[in-house]
Every structure is written in C-alpha cells, then in structure tokens.
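Below: one structure, written as structure tokens.
As written, the chains take the letters A, B, C, D and E, and residue 1 is the first residue of each chain.
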Amino acid sequence: MTLKTLMSGALAAALVAGPMAAAAPAQPKEMFIPLLVYRTGPYAPSGIPIANGFVDYFTLLNERDGGINGVKLTWEECETQYKTDLGIECYEKLKGKGPTGAAVVNPYSTGITYQLIPKASVDKVPVFSMGYGMTAAADGRWFPWVFSFPTTYWSQASAVIRYMAQQEGGMDKLRGKKIVHIFHNSPYGKEANPTLETLARQMGFELTLLAVDHPGQEQGATWLQVRRINPDWIFMSGWGVMNQVAVKEAASKGFKMDHFIGNWWSANESDVVPAGDGAKGYKGATFHAPGTNFKVHADLFKFVYDKGKGGGNKDAVGEALYNRGLVNAMLSAEAIRTAMTKYGNKPLTGEQVRWGMENLNLTEQRLEQLGVKGFTHPIKVTCEDHEGNGPVLIQQWDGKKWTIVSDWISPMRDVVRAKIETAAVEEGKKLGYAMRDCAKEK
Amino acid sequence: MTELLYGIAVAPFKDMAGSPAFFAEVLIGGVFAGLMYSLVALGFVLIFKASGVFNFAQGAMVLFAALTLVGLIERGVPVALALVLTTAVMVALAWVIERVVLRPLVNQEHIILFMATIGLTFFLEGFGEMVWGANVKKLDIGIPDRSFIVAGIQINQLELSAAVTSAVLVAVLAVFFQRTRIGRALRAVADDHEAALSIGIPLKTIWMIVWSVAGIVAIVAGIMWGAKSGVQFSLSLIALKSLPVLILGGFTSVPGAIVGGLIIGVGEKMGEVYWGPLVGGAIENWFAYVLALAFLLFRPQGLFGEKIIERV
Amino acid sequence: MTGPDARPLLEVAGVSVRFGALVALNQVSLGICHGEILAIIGPNGAGKTTLLNAISGFYHPYEGRIVFDGKDRTHLKPPDVAALGIARTFQNVALFKGMSVLDNLMTGRLLKMKGSFLLEALYWGPARRQELEHRAFVERIIDFLEIQAIRKTAAGRLPYGLQKRVELGRALAAEPELLLLDEPMAGMNVEEKEDMCRFILDVNGEFGTTIALIEHDMGVVMDISDRVAVLDYGRKIADGAPEQVRKDPAVRDAYLGVSHD
Amino acid sequence: MDPQALEPDRDTFPKLVRCNAEHRGHKVAIREKDYGIWQSYTWREYFAEARLIALGLAALGFTRGDKTAIIGDNRPQLYWTVMASQALGGVPVPIYQDSIEKETQYIIDHAEVRFAVVEDQEQVDKLLHIKAQCPHLEHIIYDDPRGMRGYSEPFLTSLAELQELGKKFEVGHPTYFDDELARGKPDDVAIICYTSGTTGVPKGAMLSHRNLIVTARNAAEFEGLQSDEQILSYLPMAWVGDHIFSYAQSIVTGFAINCPESVATVLHDLKEIGPTYFFAPPRIWENILTNVMVRLEDCAWPKRKLVHFFLELAQDIERARLSRQPVPAWRRLLYPLGRLFVYGPLRDNLGMRRIRRAYTAGEAIGPEIFVFFRALGVNVKQIYGMTEASVFITVQKNGDVRLDTAGTPIPNVELRISPEGEVLYRSPGVFLGYYKNPEATRQTVEDGWVHSGDAGIVGHDGDLRIIDRAKDVGRLADGTLFAPKYLENKLKFSQYIKEAVCIGQGRQFVTALINIDLAAVGNWAERRNIAYTSYTDLSQKSEVYDLIHQEVGRVNRSLAEDEALRGARIRKFLILHKELDPDDEEITRTRKVRRGYIAQKYAALIETLYGDREHVEVEAKVTYEDGRTGTIRADVRIRDVAVPGDSVSP
Amino acid sequence: MIYREAGQFRTTYASDQAIFPIPQDRWFVVFAAVAAFVIPPLAANEYWLQAVLIPFLIYSLAAIGLNLLTGYAGQLSLGTGGFMAVGAYAAFKLTTALPQLNIVVVFLLSGLIAAGVGLVFGIPSLRIKGFYLAVATLAAQFFLLWLFNKVPWFVNYASSGTITAPNRSVLGVIVTGPNATASVRYVTALALVVVGALVAKNLVRGRVGRSWMAIRDRDIAAEIIGVRPLRTKLLAFGISSFYCGVAGAELVFLYFGSAETLAFDITLSFLVLFMVIIGGLGSILGSFLGAAFIVLVPIFLTNAPQAMGLSLPVALQKQFELMVFGGLIIFFLIVEPHGLARLWQITKEKLRLWPFPH
C-alpha cells in the first residue's frame, strides 16, 4: 500500500506529463475523435479492417477536403483488444483530448458500449455504436447520448427472417420450417434471440437456439445437433474464431451453405477465407455494400493510398469490415457536418455533435455527393429514433469475394420498435434516466 | 421433478438407442475431438514429465508454430521446406527458453516456473503477432476437409487425419521413450533429477530436447487446429481446452493424455448433445472440468498419474 | 526424581498394520506407563515409525486396539489424537519451513487456543489477549530449549540440529501428556545429542511428560530410557529395563549384533 | 560543603534505593531481556524484590557482616541480592561466573562467605564441588530452577523460595528490614571486589558505601549524567567497573540499567537498547571494530570503496582534531555526507547512535581503534581507574580528548608521580583496604596515597599519560627504550591480530609472539580458498604468515617514524599455535597478558626466536571448556622481518 | 540507511507483535494511508482515478483474497473470476431487491454469499492438491459463469443480459452508479481495501493464519498438532472467496458500472493469480505490489513511447508491450522468485543493515 502510492506518484509524473504535453500544441481549427480499436488479440482479424476503414476515411476528408468545412479532423487510436477494462482506460485517456474534447466515441464492442453509456451523458460525449451495443438505446427519448443507426441487431434479425421467407417464396412459407440460431454465448450473441422467438411464434417456424461458448474453437457437439435437427436455415451471431470454425464445420458436414446466414459480425473475409472452397455460398447480413466499386473508394486510392497514407494494405480495401469502418466514419463525419449547420464551421464539442447526430438526414442525393450511391441506404435520425430503422442487405461469398444477392430488406418495424420501446424503459430506469419529451426538443 | 429425473436418467438413453447411427456419430465426433485435445495435452505432458514444469505456454507455442509455418508458406516457401524451417525455429526456441528461462530458475518451486511460462506466453503472443501479423490466415497443407458417410455415419476427413496423426505421434513418442537412449534418459530425469545427473545425463540437454519435442508436437497441433479454424491468435486459447484432459490423464502420462482426451472428448459431446438441451446447452466447457473433477475425487493423481506417496 | 508409575497411559494391544501384502506391524502389544521414558529400538524397517504412525492416527490398524488414558482411540484421526494430548516429532524434520521459529511454536499451541473468528479478524479484545498469553507461554519453551537467538528466524533456514530442537519445541507447545519422538537425535553430533538428551530428560522430569522415542544410538537409549521395547520385522521381540534388554539374546541377534556400530 | 558528606537518609545504597523507590518509584530501574522482551522493573519493584530477598536471607540466619557470594550473569535478581545483603549489613562478594573451581573456592574461603546466591545449576554444581573445602559456606541460593529438580541438598534454596521465606519472616518481624536498613553506616564495607591481579593470588578490595557513593556522584557530576541514561550491564558483575556503572551510578543517579538476554546476544541487545552511557574495555572496542571490518569486507566493490572512503575521511578529520591540527575545508564539507551514508547508519547498527559518552579503560586502547569510534561520532573517552579508587581517577573531558592521555582527575582526586615514575593518587574513593591482607594494603597505600603500579607522567595541562605497567617498561640490551605494551597495541590494531606478546627486555632486538584473530583470518582464508581445520592448522599456513608479515611491516614503518622507538622495531615473529587462554592462565580473566608466565611457558619458543632455526616442534597443554586438559602438537615457524636502514642483523 | 533503530526496545509482547513493530514503518504506513485518502481525490484527474487507481485498489483486494488461499493456505485456485462474479451478481440482486440497503452492507453480504459458494467449491481440496486442484477450481470458474450467463434471473431478466450498477448513496453521497464521481468511488474502494488488508493481516498473523501456513508448509505435521485439514482449507476458501466476492462487486459497482459474464472470465482468474505470484505469495503487501505491477506496467508501457515522443502504430505498440510485459515477468521471477514483496523486504533489510551487506 505504501509503495503503491510512491509508484503511482512517480508514474503519474511520467505519464500525465506526457499526454498533456502532446496535447498542448493542438491548433484551434481541429476536432478530435478518439478511436477505440483492436488491432491485436483474438479479435484482431475483425478489428484491423474496421480501424483501417475508419482512419482512411478521415484521412481522405483531411487530404481531399481539408477536413469538414475547414475543420481538420484529428484522432488517436487506442488499443482495447476488445477488452472492457482497456476500453475504459482508453476512453478516459482520450475523452478530454483536442481543443474541444472528444467529438464522438465509437466503442466498437458491445461490452465497452455498456460501460460508456452511463459515462457519456456525464462527460457529454455522444456514443455511436453503429449496429451493435445496447439495442434498447435506439429509443432516443431514453438515451439521448447513444446512437445505433442505421440499424440494430433486432432489426437485422427480423430482416434476415424476412429474407429467408422471401427465399422460401413468401412470408407464410416459413411455417413449419426449422431454423437454427447459433450464437456466441454472450449478451451480444443472445441479442437476437427474443426477436427470433417472437417471430417464430408469429410466423410459425421452429426455432432452435444453440449457444457456443467463447471462444468457440470446438463446436463438434453443436454441429452434431445441427445435423440431427437438419434445419432449413441457419442464422448465426458469431464472433471471432467461432465464425471460421462454424463455416468450416457447416461445409464439412455438407450443410447447404446458401441456407447459412451470418449476421454482420459473422460475414467478413476473415471468417470465410480459412474455410477455403467449402465456404462458397455462405451468406451474411450487412447494411452496406462490399467491394470497391464506389467513387469513395476511387478517392481513397487517389488521395490516400497513392500518397502512401493508407491505414492498411491496399488489397484489404473493400473488405466487408473495412467498408463497415468506412461507413461508420462517414456517418460520424456527416453528423458533424450536420451539427455545423447549427453551430457554425468551427471545432465542435461532443454536445454539439450529439445534436448533429440526432438531426442527421442522409438523403439519396447526399449519398451521391459523397460518392457512395448504392453503397449504403439513406438514413434519417430523429429524437425518438436513434436507429433509423435501416434496411439490410444479404451478401454471399463466392469463394473470392462477397457479392450482394438481395435488395434492401426492411426490418419488421412493427415487431422491433415495440420491443425496443419496452426495453428502453427498462434499461433507462436502471440507469435512473427519465424519458425526455421530444416534442419540446425542436 | 419426475420430468427432470426422466430427462436426466431415461430420455437421453432412449434417444441414443433410438438413433444408433447418430449415437455412433456422436461417439466418433467425441473421439476425434478428444484426440485433438490430446495433441495439445501431449505437449504439456512431455514437459511436465521431464522438468516438472507446468508449461502454460504450450498454447502459445502452438500458435507460434502455426503462425511461423503459415507465414513461411504465405511468403512462398514450399510446404515441406516450411515444415523443416518451422521445426528449426521451434528447436531454436527451445534452446532460448532453456537458456533464458529455465536455467536461471532451476530448482525453483513449481508455481514459479508455471508463472514464468505465463510470462513466456505473453512474450510469444506478442512476438508471434509482431512478426507474422494478427490477421487470420488460412492453413492449407493439403489435408482434405470433406466428409464421407460410412454406414450412415458421417466422418470428417480432417478429423480422421487428425486422429491418425495423433495416434502416429503417440506411437512415435512411445518408441522414442522406450527404445532410444535419449528416451530412457528422459525417463530417468522424470524419475529423479539427481539420479539422472549422477549417471551422467546432462540435465540441460535433456530439457532442451524435451522442449524441442514439445515444440514439434506444437507444430502438429498447430497444423491440425489451424486447419480447423485458420491460424490466428485464438489458437493460443486451446491450452484451456486441454487442461481437463491433463487432469484426467495425469500430468505425467503420455497414454494418459490420449485416454484422457478420449474420455473428455466423448464425455463432453455426449453431455452436450444428450443432456445439454436440458439446461439450455453450451455446457461443454464446464462439463469437461466437472467430469475431470469427478474422476479426480476418486483418483487424486489422475487416471495414469503416479501415486503421490507421502512419507511421514 | 519421580519414578514412572505403573498405570499404562497408552496401551497398544495386538495391533497389526498392513500395506497391501506387506505386514508392517504384526500383533504388537505394548504399554507406555505414566511418566516413563520408553525407547523403541529395532533395525531399519522393523516397524518403529509405523507404530508411532498408528498411535498418532496416520495409519489405522486392521486389527488390535489402541487405548489412551482408558479410552479406545484406535480409529481416531491425527487431529483428534492431538486433542487427546499426544504430540510427536518426525523422523525427517517436519517443520513449517516458511514460518519463523516463534510461529512454529505458536502453531503448536493451536489446540489450546479458542477460535473467535471475528475478534481475530480485528485482533481485538480476547483474541489479542489470547495471542499475547500464548506468546508468553511459547517464550518459556524458547527459553527452556535455549533457542532465543533464532526466535524470529525462518525455520527452513536453520541447521538440522536446531530444526530438531524447534520441532521438539513445537510438540512441547501443545503441553502433551504423551510425547512421541521419532529419532530425535538422528544426524546430530555428540554435543547436539547431549543437549537433546538433557532436554528430553528435563521435559520428562520437569513437566512429567511421558515420552516414547525411537532411537538408534544405543548409548543414548541406555542412558535416558526407563524401559526399552525392541521391534523386529513388525513384531515385538523384547521389552524391559535397558540392562535387561541389552542382555537379551534375541535382541542381540536381531539388532545389536547386526547393525550396531 | 565537604565533598564526602552524605545525607543521613542517603548514605548507603539500600537507603538510596529506598529513596528512589519513594521519589521515582514508577520509573524503570532495571530491565532484563527475558522471554523475548525487555522485562522491566521499577525502582519500587527493585526495592520490594530486594527487600524480600533480604528478609529471606534473614530467615536463613543472615547476620550483619556476613558475606554473600554472588555468581552469575548480569540479571536483576543478582543486583537485588547485592542490595539485599547490604541492607542487612552484609557484604556482597561478586565472583566471576566463569572462574574455575579453584579460583572460586579461594575467594569463597578467603572471604568466609556464608551465603552464595548464584544464577543456575551450572554454578550450583561448581559450588557443590568445592563446598567441602569452604567451611563457612552454609547456604546456596539459586535463581533459575531449571535442572534443579533432582537436587535434594538441604542447604539449597531457590530464590523464589527464599522470597517466600522472606514473606513469612516478615510476619514475625515486621520492622526487621527497616531496622537493619537504618543501621547501615556510610563507612561500612559495601562490597569486596577481588582483583584478579596479574601476579599472585586475588586480593579483596573493600569499598565502603561512602567510597562508591561519593565517587559515583562526583563522576556523574563531572560528566553531567542524567536520570534518563540507559546503560547495558553486560560486563561481569564481579568486576568493579560493572559495580560502579550498573549499580552505584545507577542508584545514585537514578538511571536504568539493562541486562542482556545472554552472552551470545549482547551485540544484538546493545542495538536494541541503544545505550546513552557505555563502557567497554579496549578488547571489546577492538572486537567490534574487527567485526565491522570483516562484515564490510563482504560488501560489493563500489559500496566497499564508498564506505572505506568515508571512514578514512572521518578518521583523518578525527586524527587532525585530536592532534589539534586544522581540518581542510573540503573534508569538513564532505563529513555531513559521510554522516548520512556511513557514520550514522553504522553507529545505529552498532547500537551506538544514542551514546552521549562512552569509556574505554583497563588498558591502553589502540589509537586506531580510538580514532575509528570517535570518527564515527561516538564520544568515546579514555578513563584511568582502579578497583582501589572505586574506579574513577582521571577522565577525559568532553571536547578535550586526546589520543595519548587518560584525561584529568575528576573532582576531589589528587595525582602525583613518584620519583620512580609511578602514578600515585588520593581520593574519597580510595578503598578501605584489602580484606584480611593488611600487608598488601600497607604496600599499596602510603599516607592515603595509593600506588597504582603504572608508569606515567602528568602533562602541563594536568593530563595523565600512562606509559605501561611500571615494572614492564624496559630496555633492550643496547639501552634502547622498549615498551612492550605499546608495540603490542600497535600490532593488535590489525584486524588479523588478536593478541601479541613482545619480547626484548635485555635482548639484542625485539621479537613478537602473535595470536591471529580466528574469525578475521578464517574469513580471509575462506575468501582465498585456503582450507584449514583448526586454529593450530590455520596459524601455521605460510599464506597466513605472509599476511601477518605485512602487518608487522606496517607497525615497523610507523615505529620508524619515531626516533626513540626506531630501535625497537620487530625483527622476528612467530604465530603461536594456540590461542592465549585465561583457562591456561596465560592471560587474566580481564584478558591482560601474564607476561612472566608466558615467558616461562614459551621459553623454548622464545629462545628459538633468538636462535637460527626456522621452525620448532612444540607441544602444549591446553585446558578445554569442560575442564579437561589435552595436548596439541604443532610445528611453529619463525619468520624474519627485514628492517630497512638498520645495520644490526639478527 | 534511513532506519535508525538503536534504542527501539520492546517491553511488551503487544509491541513486539504489532503489525509494524518498527516505528518508522508505522509512521510511513499511516502517512501513506492518509495521503492515499487525501491526495488522489484532490490531485488526480479522472483518467488516473478511473483507469488506474480504482482498478488497482479493486484488484488489490481480490489479490489479497487469492493470496490468503494460495499464498497462505497453499491451495492453488484458478476460480477467482468465478468467485468475483458471484460477488458481483449477488450485489446486483441484493441491491435491486432491497434498494434501501446500504451499498457497503450489500458488498459485505455479497462477499458472504461468495464465501458460501467458495466453501462448496473448496470441498475437493481435501483430496486434490497442487496443479490438479488448480485445474479443478477451473470447473468452478466455468460452471459459475455459465450459470450466470444462462439463467436470466441473475440479470433480472434484462434483455441486454448485463448487470448495471444503480445509483446508490451512503450518507447522502452517491457511491455507485453513473452519477457517482470517480473520487467518491475511489475513496470507497480505498476504504474497503484498507479495512480488508488490515483484517487479512490480523488473520494471517494469528491462529487462523498459522493453521493455514501449517497446512501449506507441511500438512502432515499440521494434522498432528491438531489442525483439521478440511475445516482449515474450507475456511481459507471461504475467506478468500469473501474477499474476491467483495472485489467482484466493487469491480462492477465502482469500476465498470455494468458488466456481462465475460468480464469475469478465466483471464481475470489468471490476472489475479499473476498479481499474487508477482507480488509475492504469502504477503499482504505483495498483493498490493502485484496489483500495482499488473495494472501499472501495461499502462506505463502503453504511455511510455508517447511520453518519449515516439509515435508507434497501436498494434505494434501493444505487441511490444506484451513482449516486454512477458519478459518483465520472467525477469522479476529470475531476480526474485518470491515476488516483489520479498524484493521489497530485502531492500528494507539492506536499508536496515546498511552499510553492512548482511
């Protein structure tokens, strides 16, 4: 106890002085965005492309446009290894950086998101958990500081079910079919279960939930059960090594791969490549297109990679999760841009960016301006709806790349939104929040 | 209550009898999975036997071996040459470990050496990732990965080859231990360090050899597991899966590692498939440990472990 | 000098102990009287230590009875045996190496201490008083055994002879009625042996503790014991006063002639 | 005011203790490390315990004038017994606890001791052995009952039993103790201290209460002793020094004394107590110094260098100060640094941090030793004292310490040098005479002036300088001055030399018999991988001879600096094959060399030193600890020492 | 060197048996404790409190708990994460069921519940020893986490599957939940760990601790002086789990704010074990030193390059950090296998003996 005081004192002197000194010469025309990344550890294969997409888009904005409306973006990466305690450390370290503090924080882990939700409102930093995190927080009336647009796990699950139904030939055709949900045995993996259970009741399909414990290298028993059930469809909410093993097991067990759909964290190149040819036909949900056939990618090559400022390997541009990071960065930037329409073209605080996010309206036209027409779907966020209830695409692995094999599939909003509102009350109350009146916000 | 009892004591067996082909498949799946565990456990046993070190870094060594192999192949080295080079790397690693870690810590308590191997784990994980990158890599050295069906039982080629490899490896190790001079020396060391020294066996050399052999076992385990899941950081975590195998088989027994693996593999598959649904599944992880624990209560030194004799 | 009185404090009646096929003790009967010093001798492997182990509850005889102070205690476990007032030392010193000499002796007081967990956690009131009282008691043993200078040394770092002495101290701390010493003088030099003999005699004389000891040094045995029992191949072959046993031809054959140096 | 005047209620020790019990009754008077902690007794307890002992003695028939032998290590019970005997008008006769039976028997018999109070079984056994030869000895009382259960002799009583007897006795005689106490007179004999004497049989010096009280008081005033002093009572109780420091001064001044746990733990106990007032004969100072040096040898190289640098710095400064020379400024500036890193910690580790004044006496201290401790900041001073003077004759004044003097007389002490150069003194502390030995008394005391037996001079500033025993100062054959003790002390400063005897009286040149320090040389040998089995073996190794040769050379070089002593350089030496031992009567219990006896015992060796042979076979009788005797044989080498610049060759 | 001990003699057993018998140590510790209560809340920023000091204190408490079991009683356990989870989930259930209950009482009750669970899982220790026992405790680890993950009752049927620390106040000050300031949470954690350390120290220097160490050092000899192995080992499991339980509750309530079972997975068990071994088995101080090492060194390594003006890619930095951390563990084990506490003790001993080497 005694030495610790000494040690921490000495370390404090060494460390606090460091970051402080580094932060001092920041220019006033800059905004700071903390990046919680995981480029190492068991989840690095997913973390690396996301982080690269993020960084590349910001670099592009700075290089091509000189920032957002003349305000340069700065950022600092902090390695979390997908661990909550490191996430907290990173957040605390970075939340006050830059002349106006952190503009928006992307936790990139459901666990870390849960830690940051209570803190963000106190620190006045919006939490942007794009397509993950606490689904209940999509109800902006209870969670003003948390955003999950363009879509959520629950919406995704409903959209995937809708897709299966479409493939079977209509919404009523799922009745009597057997669907298996293989999920990572964690709150993240279990997110889709209630929605699926509700839908199973409503649509009459037979749902089996099979949990796979972290990390999921050995799934023999799970796939034995799959083989016994012999389902019509498999939906998977996997993560990390579990995905690769599952895809491989499915292939080797001779399951119809095109009836195996992963959620958007189970459908990256890294999940299918180790399975080799066996993965051909495997499908995945997404809310943006894969590949590099968009103007924004051309710009990325031109302004970023050709200048040698790329965050990663050029070949990896366009991977599913790379594009995920790109979309995430783009949405963040657009939210900032939106906020500038109200607060002026200057560095903004987190509180101001929050307004921008809540009033984000990404139209088809704006998407075209951004060079991402067809890459993602238009989004409108409101005070009540922090999700935007975005539609979902299904992509399929052809052995070399992902291709989109569906139209935009709308989630079942009637089912999902009601569940979200119920959950929001529950989660909001837990944190001692009160519901705000959106009518008064305008 | 009766329902629960029925669920535990009757239904699963009815189930098994009802679908014997599937039951056989479960059994075979368990055997294959068990042998995969044994592959990792073997590395532990070798080292524990000769040096009394509970080598937590075995998982990291598997990762490191697989990363090295894949990394070399990715850089265009032919598979055979890559295998040779990887073996050389693992032997070099064994040499370094003996020099830098084991020798300064000789005669320390077990837990200290255990802790040192944890430090080694950190080091190898960081080093492996730094050199070869954190991305998942596909390991393809030509092992087929398709299933075929024999008498209604689906068998996976990869698992079959893993099983065969495990069996071959065990046979080779058994011969190595029984028939070669070094093998006999190893057994002498395992029995009594000082006795071994007194008959002129250099302990340091023995340790180096053992760690090298463990490194080679790690390559094999790395190939098998890497073929299954791709080569990536998570390989390091399979060490945990092999722990129940170890306790069951005993830390010092090579056959124990195999038999333990089979029991755990079959046990956990049966548990998960037939009893798992009762409690909602995903019981594989703890079930293996509880199974091992139950065994231990009757044989505290493991199935094949040497009886601990305490002199008063 | 108070002579031993004839009542047996401990009675071993027809006790046999087996390890698998090996019969380590074969129907051994032996009485240990109040206040006496009994030496148990015999060649290596004669079952001497096994006898002590059976008495202290590590082995349970498959036949025969062990009666202590009039009560059958054949099947008690070691802690229960200790609670009866039987303490012992071990052939290969079994000290708590990581603890100081003082703590080793304090541990010996364990049975005399009352557990009051909460008070101990706070080191308060009766718990604290108890600690200090027992410390005072243990200090008397330290003084008795003349180990003041090593009081706070870790037991594992002491030379062998001192470790044996500390182990005796730990046994004494329990204020036993019966003290079992397994080769208390093994591996000691002449001077250390003399000291140990003095301590054993003093323990017997000043505290009236009954002592049973295993010893190889015949000189020592003849000097300090009131009675000698001889074991050979798990059987008792003689029992009586030292001089008498020395003259016993069976003993000569089995023991003195063979392995005495 | 008459310096010898004493207030009537404080004119004997028992009365003073009673006074202390009344006035500072709650204050600690005496502590003993026992059962792991410092058991403390207040003055009130001191008095009460002593009172019970006295009553117990009375119950056994103790009468005024009876002698009580007191034998044992320093412990409160024995100090109480001293007071208890005095309270009854008896005379305590402390006897060295390690005296052999013959010596003990002589004293008990000579002093007509009726009661013996002893520490433990060991002493009891000794007395039982000789009891037949001591017709006066009636009662033996022991403190520690350990091992005594088998003793049934009727005249044996434990101290606890004695006190019980005392309690019973008090019931019948409630005022007995107070009455007897009141009957005590200041000029009664308070104690008989037997001086070991370098020659002949022991003589019992009788000291009165007045002798001791006045001297103790004068010395205390001279030194400014306070009642908060702490002192470690570790020197034998039979020695007058312990009696004056641990008993007389403690009672007069009211400070606490502390008895160590055992002989083995004295240094440790010294550190725990951290005395403010300390006394040690040169031998102990020297042992401590040797110990320090040996321990420092094991330091890592940089630390050793650093420590030695600072130690030398401090010694240089101190030498300059002692010889009244200026100290360079840079040294003065570095000193505080040294105090922080070396002197302070060292003093603390030695238990000398709190010492306000420390004495060395008994014989001359090696100057290097003296300088060393003073350099550390220990205010060690030389005193000159004798049993016959109740110790104190001269003391060095604080702030006026020199290397080669014994200080100035304390108040009321007069000094004179006889025409033969012998020191004579007169003081209130001068003893009453030798017990039952008027002849010796007459030889020693003339008109109140006591012959000290030491050769000395009084300097112009009143400082006394002792050269040697008056009878030991001699000359070589060519008339060169030869002060053996001086040479010996120089030799003994070497950490490797424990004892030295120089020979040269009437000879052509000086030679030396040397005892190596087994601990220091053993350590030295181990570091050089020199194996040895025993002292005898080690002492005759040629490497050891080389080592000692260097040390002798060093002494010779320093002798060469002084014109008067140049001629007395050591030209040959040998290392004795056995340690000089009080049991073999080669040195006294206070470890003074018995020169005459040695000359006789080692005559053969000495003759070889003055002959041509290079080694000699010897055989020596030794007495072991348990009293048995044995013989050791050795081949002792002789080593020549080159003495440059001198034509005389041996 | 800085110690001045001459003249410190003890006249009672009480002073000889004090936790810090040397006055200098005593004063230093008191001063440090007071400073720990006063200085960080005033001086440290939220990063230091939230990301460094609070976890350090909580891990210290857990490390003390494990040290009692492994370091003192000699029972190797890898179930720490599981027992901490029991504390966390118990605290969550208790405080949501009884919102009025003082949160500190909730922590203590959670500790008791964890102690109960620890007792059950300690039963195999009677027969199983050493590494076998360690691996057996993993059964507890995996089973408990599975249970909490599986049974929605434990999370009050929350759809998110996580437990969240609600706002709870003590004496009008909000101590847990999103509205509690870092300073208050820090002080709460500190107070608990100070009391915990004191109690642990009292236990290990008394009857209980001695019977643990007896079992650890020589179980056979322990039995013959009256130590009952099962009772003693179970007590160790119980008390150890109590500490771990409280630490687990703190982890969620004072540090994370909300958590899922993953927060208590096997890596946490290992982390606490590292702390205990690196810090020093059988040393309360070691638990603190070990926690400091495990918490501070990675943070130091992460921030050091930046402080030196080096800008490395985060991945490289993290990999480098792992290597250095692993290397440091080995280095420290080689330098002093008995942990930082022993190193500290040796240093202290050197300082006491200075300038003597031994």
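What we mean here is this: contacts are C-beta pairs under 8 Å (C-beta built on N, C-alpha and C of every residue); 3 or more make two chains touch, one makes a residue touch a chain.
All figures in this text were calculated on a predicted structure; none of them were measured in a lab.
Peer 1: Given the contact rule stated at the top, which pair of chains has the most C-beta pairs in contact?
Peer 2: Comparing chain pairs, contacts are most numerous for A-E.
Peer 1: Taking each chain's centre as the average of its Cα atoms, which chain lies closest to the overall Cα centroid?
Peer 2: Taking the mean of C-alpha atoms per chain, the most central one is E.
Peer 1: From the C-alpha centres, identify the chain that is farthest from chain A.
Peer 2: D
Peer 1: Measuring from the mean C-alpha position of chain A to the mean C-alpha position of chain C, what distance in angstrom results?
Peer 2: Once rounded, the distance between the two centres reads 73 Å.
Peer 1: Please report how many Å separate the Cα centroid of chain A from that of chain D, as a whole number.
Peer 2: Going by mean C-alpha positions, chain A sits 89 Å from chain D.
Peer 1: Based only on mean CA positions, could you tell me how far chain B sits from chain C in angstrom?
Peer 2: The separation of the two C-alpha centroids amounts to 48 Å.
Peer 1: Express in whole angstrom the distance between the two chain centres, defined as the mean CA positions of chain A and chain E.
Peer 2: Chain centroid spacing, chain A to chain E, equals 35 Å.
Peer 1: Give me the residues of chain B that touch two or more other chains.
Peer 2: Answer for chain B, listing residues that touch two or more other chains: 129, 134, 280, 282, 285, 312.
Peer 1: Going through chain C residue by residue, note those that touch at least 2 other chains and give them in order.
Peer 2: 58, 90, 135-136, 139
Peer 1: Name the residues of chain A that each touch 2 or more other chains.
Peer 2: Correct list: 39-41, 44, 48, 185, 213.
Peer 1: Which of the residues in chain E end up touching chain A in this complex?
Peer 2: Answer in residue numbers: 28-29, 32-33, 35-36, 39, 44-48, 50-53, 55-56, 60, 146, 149, 158-162, 164, 166-167, 177-179, 193-194, 197, 255-263, 265, 285, 288-289, 291-292, 296, 299-300, 302-304, 306-308, 313-315, 317-319, 322, 344.
Peer 1: Show me the residue ranges of chain D that touch chain E in the complex, using the header's touch definition.
Peer 2: Listed in rising order, the residues of chain D that touch chain E are 31, 33, 36-40, 230, 258, 271-274, 292, 295-296, 298-300, 303, 307, 341-342, 344-354.
Peer 1: Looking at the complex, which residues from chain E come into contact with chain C?
Peer 2: Contact set of chain E toward chain C: 12-14, 16-17, 199, 202-203, 205-208, 210-211, 213-214, 216-218, 220-229, 282.
Peer 1: Please name which positions on chain B make contact with chain A in the complex.
Peer 2: Touching chain A: residues 19, 22, 25-26, 29-30, 32-33, 36, 129, 134-140, 145-147, 154, 156-158, 225, 228-235, 237-238, 241, 268-269, 272-273, 276, 280-282, 284-285 of chain B.
Peer 1: Give the list of chain B residues in touch with chain E in this complex.
Peer 2: Against chain E, the touching part of chain B is residues 54, 100-101, 104-105, 108-112, 114-116, 118-127, 129-130, 134, 240, 243-244, 246-247, 251, 279-280, 282-283, 285-286, 289-290, 292-293, 296-297, 300-302, 308, 310, 312.
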